[in-house]
Amino acid sequence: MEILMAFVVGILFMSATYLMLSRSVVRIILGTTILSHGVHLLLLTMGGLKGGAAPLVGENASSYTDPLPQALILTAIVIAFGVTALFLVVGYRSYKVLGTDNMEKLRGNEGND
Amino acid sequence: MIQTVVYIALICVAVAMITLLYRVIKGPTLPDRIVALDALGVNIVAMVALVCIALDTNAFLEVILLFGILAFIGTVAFSKYLEKGVIIENDRNS
Amino acid sequence: MKMIEIAKLIIVAFILIGAFFHLIAALGVIRLPDVYTRNHAASKAATLGVLCILLGTFLYFYFIHDHFNSRVLLGILFMFLTAPVAGHLLGRAAYHSGVKMWGQNGPDDYKEYIEIKKSEKYQEYEAYRKKIEENIKAESK
Amino acid sequence: MKTSDLILQTATKLILFLIVLFSVYIFFAGHYTPGGGFVGGLLTSGAILLLLLAFDMKTVQTILPFNYLYMVALGLLFAIGTGAGALLFNTPFLTHAFGDIHVPVLGELHLHTATLFDLGVYLVVVGVTMSIIQTIGGDE
Amino acid sequence: MINFLILPILIPLITGVLLIFANKSIMLQRWIAGLSAFMTVVVAAMLVQKVKNDGVQTLNLSNWDAPFGITLVSDMLSALLVLTTSVVAFACIIYSFKGIGEEREKFHYYAAFNFLIVGVNGAFTTGDIFNLFVFFEVMLMSSYVLILLGGTKIQLRESIKYILVNVISSALFVISIAYLYSVVGTLNMAHISVRLSELSGISQPGIVTIIGVLFLIVFGLKGAIFPLYFWLPGSYYAPPVPVMAIFGALLTKVGVYSIIRTYSLFFFEEAGYIQQLLIVLAILTIVGGLIGAIAYWDVKKIVIYNIIVAVGLILFGIATMNQDALTGSVFYLIHDMIIKAALFLLVGLMAAIAGTSNLRSMGGMIKRYPGLGWTFFLAALALAGIPPLSGFVGKLLIVQGGFASEHYWGAAIVLMSSLFVLISIMKIFINGIWGKPRAFENEERVPYKKLLIAPVILVILSVCYGVGADFVYPYISQAAETLTNTNIYIDAVLKE
Amino acid sequence: MSLLHLAIIAPFIIAIFVPFFYKYIKGVHTGWFVLPLPILLFVYFISFISSTSNKQTITESFSWISSLGIDFTVKVDGLGLLFALLITGIGSLVVLYSIYYLSKNTEKLNTFYVYLLLFMGAMLGVVLSDNLIVLYAFWELTSFSSFLLIGYWYDREKSRYGAQKSMIITVLGGLAMLGGIILLYLMTGTFSITEIIAQSDAIINHPLFVPALLCILLGAFTKSAQFPFHIWLPDAMEAPTPVSAYLHSATMVKAGIYLVARMSPVFAEHALWVWLIAGFGLVTLFWGSFSAVKQTDLKSILAFSTVSQLGLIMSLLGIGAAALHFDELNPAIFTVATTAAVFHLINHATFKGSLFMVVGIVDHETGTRDIRKLGGLMNFMPITFTIAIIGAFSMAGLPPFNGFLSKEMFFTGMLSVLEMDFNWGILIPIIAWIASVFTFIYSMILVFKTFTGKYQPEKLEKKPHEAPIGMLISPIILASLVIIFGFFPNILSSSVLVPALETIMPGFSFDVKISFWHGVNEELLMTIGVILVGVILYFTLSKWRGVYGLFPEKLALNRFYDNSLDWMQKGSYGITNAYMTGSIRNYLAYMFTFIIIILAATLFGKDAFAFSTENVAQIEFFEVLLSLIIAIASIAILFTKSRITSIILTGTIGYIVSLFFVIFRAPDLALTQLVIETISVSLFLLCFYHLPKKLTEDPLSFKVRNAIISVGVGAVVTLIALSAHSNKLFDSISQYYIENTYTEAAGKNMVNVILVDFRGFDTMFEIAVLGIAALGIFSLIKLRKNGGKKVEDK
């Protein structure tokens, strides 16, 4: 399973990278959300999968899955949400103010002379 | 017996999901995709339930209800977007 | 046959029926010709499928583990409540966003209604009606 | 064309109660079963979001006249306060205390400062989500 | 009080929260922000003294023992950096009173600023690798807010790039933690160090090296090392002056600090490979920064590229990894934080007066603004490492360490970088502060004397830091000692 | 802190008060407040003569950064004292002169005197400190005070140019010197000159010895304007004339000479030292004198003359060092050279100082320094003319002035090279002689083109007249010194010269007896030759001037300097602009490429890749199907053009991810992921109202590039994940949480307990992050609305 997940994560990273390299701001933001999915899955995978019952005491199981990566992922998910929300707003604000969502047109080299 | 049936059911649902995914990607219209997404959500709920049985734990039963709620909210948001372009109106009586 | 075996059979039946409906729903979404019919398949068949499976799950925990889980029941209730609303909203949204119908179904009644609403006479009628309503309000005060 | 969302609104009124109840449950149960401040808070904001979808900003604002940014700050204060309480006892920051208190009528009452902390989380999450949605939704 | 070391994090945090409530009155906000910044300075100074007297301070948060809970660790390095951060923040706050504009003040500028300090101080203090990530996020999120605040065109445009790069680096950070966790199964930095050192008996697995490289990339993105600094010049150019100053002074340094910390604790045994890599990258960073600094005629750009040079310098010292060079790096790190903030404030002040940051349309400022001119001159010399100003001792030690470790070319480049830094920064002095006096459009509007207070404070500090190097030296060498002898750190955390 | 330290610091202290004098006491020229200081110091230093002439050295130490071996140790010995006297003595005269030269009404006297005092203190520090780092500190300070003084009239383009040039070149040397100092430290473990000298024998074979030597020499050469670094000195003449007289002739430029003299005991054992110093000195001597002749600006002539004279002193020191290097030869032959060097050092200060002052007077009274405009001033300013004659003749090496004496000794020194077994040795005296010829010529030009010839009043800005007496005092004193030293050359020898010489060449005994007449020998003949040829060439100047045209301008060093600065600026601009395109996509492409390459290289280079199927969880068929869904959906996003479709697909991925969380037994994650996903989708939909309908597409080439990079990233991540998972070297610490969740933390949901208790600190800041995000979104959207244009950056 971990091996499969490694490949899934790889594919998620791949498409996230591709999206982040594209021109459109919307795609870039989508890329970051997909990136965070990949990251979270990877973190979970690295903790070891299916190591036992869900980490709830009283599951009368002999072993539990590692709860620590789950807690870390939870933190990471919430942070990623905050960042995505902000990024989204920045994206649309900048589209309104600058009039384009094309990153190629957003070069701007102030002070480069 | 139950376990076998659950695994069969899981595969059925997964196949159904892939089929729905085809609709999501193919379209051809936006409502098609959203309909498929909605159905996908329902399938996921089913899957969670089946996984609960398969793992023999009630830890995920909350997820079912929660997902029911969220799939609904999502569908409402999408349909409002389709219909009006803006999902939250400032003042609909004006 | 013991009670528990019967219960197991019922559970299995529910799950299998549910899975079957899911497949049917998926088939419908793939095969049906336009968004309205697909919506129909998705919201009816899939909902039925998930209800069956949820019921099976509930029974599983109730019988096998002797655990009465209210959340699943609530979930069933919830699904029951929301699925039609969601289907309705989607259909309406599709219609208003201008998705064409398949063409081999019956007459488009809703279109007629909208056209009536858009017509001049209806507008006049609306204005008139509003005026009278306001008058009544003013008088009652 | 203006459409009425009667069906949606009616359903929402019905469902809303359910969601809020569930979110409160999930919040309090968090220490024992899946859930907690995050999910609870997010779900509550989901409920408000549904309200916003079905109705409109103005209506919702009259029903829930909160300044969500203040709510965020309040939640943070809760969380920090729970942690800083430990400073008074010269124990490390964020040390939690718990215990069972016997209340005559209600019986055993399980108290845990972690719940207070989680309440802070809950408030922040609701405040943040709602203030984001409100600010974006209110932007013309 | 065992919770002492958390105060530099807690005070700005509480202040930030209170400031959200206080958004109605600007005066109230200023008072709160100023007082709390001052308090943080005092507390941080006391903390430094405490670490000096009692050794490494640790705090097991929530009262869980070391590898299981989160541990805050204040060794001398982190305490010093916290102190410097607080000082720089204080100066920038003072500058902000007159220099940021009431609009921004109304919209939670001070709150975001305080959160930024929380993030930076937290990152310096934490002893847990995931907690470091969280503090990075606090810092980054506040920096996003600060870079955006005001929403001008350039701010929006550059912030997209800035956010994107940092999102990627955060993602890489988390996956690095994931890999590390997979290998060592723990998050406490001291504990990781112990576990990794247990490995050295067996053949050192290559996986540790690759995780080390990954961490280098992550922190390199934050700290702007050679091929990863492209985002920096544009992003730092966008925000208003005090924000630019605090960014320039602090943010990259957090990355550098993290490199120091992780390399001294985790990857010291991989020195061979990673050290070579780091040295090469450090040199390339210096060269790249210098090329940029010389290229432009924009005052902000010049100073921004000098950040990169400084990062390269410090990294070179770290990579050299001997006591001298490390001491020098720490010396230089603190110097650079102070002087960069001062320079940004000064350059910003010049740009504010002139109404443009283009050097070609400045000139003769010394005639009307002698204070500005001389402060800038001193700051420029300090930046270039002219004795007895603050940059000198650090540079001396880095070069000395470099020569001693027989990295002759690297050390020579470090030495000669001073010349080019000087050329680039003196370009501002010669063309902007000297030159034919002109009339500037914004002259009347800029409260010049009040804005000058903050940079003057910083420059005076910098001069004292350089001249009083003997007084500072015991602190710095204690910091460097913890880096070379990691057992001090580990024992303090794990209490073995 | 002793009185000696105070003496060095005193100028700095006074410098602090100068602005106040200037501001509050307007009636009196600020110079008068400054003047007592150098005089006092001069007197103070004279009091040391008695002790140094008894071979005593006075050492006072004051700890500065003692932890690094940097102490402010002051050491007064012969050499140091000589320079200290020079600095304070000439300093007094220059201050006096400046009082009349700079008008108190129009000039910014406060800054001028601050700079001058800074310089004076720094220079004292250079020559008196025993610690190399302290020396270096003062050394740089002299560079910067010189920079400030050259740029005194900062609104003039040329001043700024000259200031920058001098700064760049001297700092370059300074840094090299610092490098040398550090190398010395690594060899000896000390920064103290005295201790380094004590260890000099031990380190000569150290591999770092030669680099250290070269570095130190580079410092000395740049400061003392040796060829090819001399180019800064002529441009430094943009400084006010008193400054030129002080810094750029008498003191600062001699710091390099001081350094060479000071370090001779350390390095002179090495042949390289001897040859480099002598060689560069000679080249400089020749080139400076040769170039001086073609100048038309009086100060430029003097500048090149200074260059040339510095070369002369340098070469003498080099030849003198041979005494230390060659054990087999009679040291007495070479010690003459050193003696000449030191003697000429003093003489040069006197005559060059007076000449600069004269030029200053001419400039001041006529408004020009161009010899093509000047002429016939003899009648208007006779005293000035007299001083000029004295100075110039001394410079030309004519009797009976002191220049003649040192010139003779110089020839002696150069001839002594012939004693060495060196094939081309004869060239050295020949070059020296030719240079002397040119020296003669420019000295004559200086005097006669200015003071004799045709008076051209129409070309002058002012009507010339004799300078005020105050302005004349200093040059008169200097000129009289020229004569006094000429007639009584030995008055300084035992008291000042010998102690200095013994410091330069410890272990040699000096018996300095300079006599005016020592018979008809080679030296005298050479001098006569110089005069004869010089006179002829002077009168035929216009005929052979064309020689200078032969040197292509392109090869000129100045051109080289300008071009390289220009090239540096343009090149770096080109480079930086080429890669700093402002396009984040390019940046990301670079970064990702770097990341992929470095990670892949490490992965395979360090043999880090591992793959094991142990320890992996079992896999179910439906999980494969789910993975397939994620894969298909995430790839489908790349090809979709509609933003709604992509958001639907992203939502799908999110939902499947949460399903994975369910399968992997992470209920909390599944819950959170679901809600977050839904709310994010709503946010996207909310924002889409404000965003463009279509997604911008890339051209194909970019797509290919991006595809390659993305596949690389994905592959690297996967490979590392596989290796990391196959390398589970330790157990996780989470067993502790599993055991203690209920007993210690009173909770059952481990994840939640970790979140609020074990790692509650994380959570606290995580919600802080959320709060900040909300704050940012709020401000971002609202600020614009209310603020309008005001927020635009100042």
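When the chains are written out, they are named A, B, C, D, E and F in that same order, and each has its own residue count from 1.
In this section, contacts are C-beta pairs under 8 Å (C-beta built on N, C-alpha and C of every residue); 3 or more make two chains touch, one makes a residue touch a chain.
Keep in mind that this is a model prediction, so the values were computed, not measured.
**Q** Going chain by chain, each one touching the next, work out the least steps from chain A to chain D.
**A** The distance in steps between these two chains is 1.
**Q** Determine which of the two chain pairs, B-C or A-B, is joined by the larger number of C-beta pairs in contact.
**A** Of B-C and A-B, it is B-C that has more C-beta pairs in contact.
**Q** Which chain's centre, taken as the mean of its Cα atoms, is farthest from the centre of chain B?
**A** Farthest from chain B by mean C-alpha position: F.
**Q** Would you kindly tell me how far, in whole Å, the mean C-alpha position of chain D lies from that of chain B?
**A** Chain centres of chain B and chain D, defined by C-alpha means, are spaced 25 Å apart.
**Q** Indicate the whole-number Å distance between the mean C-alpha point of chain D and the mean C-alpha point of chain F.
**A** That pair's centroid distance is 63 Å.
**Q** Give, as an integer number of Å, the spacing between the C-alpha centres of chain F and chain B.
**A** Roughly 70 Å, centre to centre.
**Q** Could you put a whole-Å number on the gap between the CA centroids of chain A and chain F?
**A** Roughly 49 Å, centre to centre.
**Q** Identify all positions of chain E at which a residue touches two or more other chains, and write them in rising order.
**A** In chain E, residues 13, 17, 20, 61-62, 130, 134, 137, 141, 144-145, 148, 151, 154, 160-161, 164, 168, 175, 178-179, 181-182, 187, 234, 296 touch at least two other chains, as defined above.
**Q** Give me the residue numbers in chain A that touch at least two other chains, ranges are fine.
**A** Chain A, residues with two or more chain partners: 20, 25, 38, 42, 45-48, 53-54, 56, 68, 74-75, 78-79, 82-83, 85-86, 89-91, 93, 97, 103, 106, 108-109, 112.
**Q** Touching at least two other chains at once: which residues of chain B meet that condition?
**A** In chain B, the residues touching two or more other chains are 13, 15, 17, 30, 34, 55, 57, 59-60, 62-63, 65-66, 69-73, 76-78, 80, 83, 87-88.
**Q** Once the touch criterion is applied, which pairs of chains come out as touching?
**A** Every touching chain pair, ordered by label, is A-B, A-D, A-E, A-F, B-C, B-D, B-F, C-D, D-E, D-F, E-F.
**Q** Residues of chain B touching chain D in their complex?
**A** 59-60, 62-63, 65-66, 69-70, 72-73, 76-77, 80, 83, 87-93
**Q** What residues on chain E touch chain F, complex-wise?
**A** Within the complex, chain E contacts chain F at residues 13, 16-17, 20, 61-62, 64, 67-70, 101, 103-104, 106-108, 111-112, 115, 118-119, 122, 130-131, 134-135, 137-138, 141-142, 144-145, 148-152, 154, 160-161, 164-165, 168, 172, 175, 178-179, 181-187, 191, 195, 199, 205-207, 209-211, 213-214, 217, 221, 227-228, 230-231, 233-234, 240, 273, 277, 290-292, 294-296, 351-352, 355, 364, 366, 381, 384, 386-388, 392-393, 396-397, 399-400, 403-404, 408, 411-412, 415-416, 418-419, 422-423, 426, 430-431, 434-437, 442, 445-446, 469-470, 473-474, 477.
**Q** Which positions of chain E touch chain D when the two form their complex?
**A** Interface residues on the chain E side: 1-3, 6, 10, 13-14, 17-18, 20-21, 59-63.
**Q** Spell out the part of chain B that touches chain F in their complex, as residue ranges.
**A** It is residues 7, 10-11, 13-15, 17-18, 21, 24-25, 27, 30, 33-34, 37, 40-41, 44, 47-48, 51, 55, 57, 59-60, 62-63, 66-67, 70-71, 73-74, 77-78, 81, 85-88 of chain B that touch chain F.
**Q** Quick one: in the complex, what on chain D touches chain E?
**A** Per the stated touch rule, the residues are 69-70, 72-73, 76-77, 80, 84, 86-87, 90-96.
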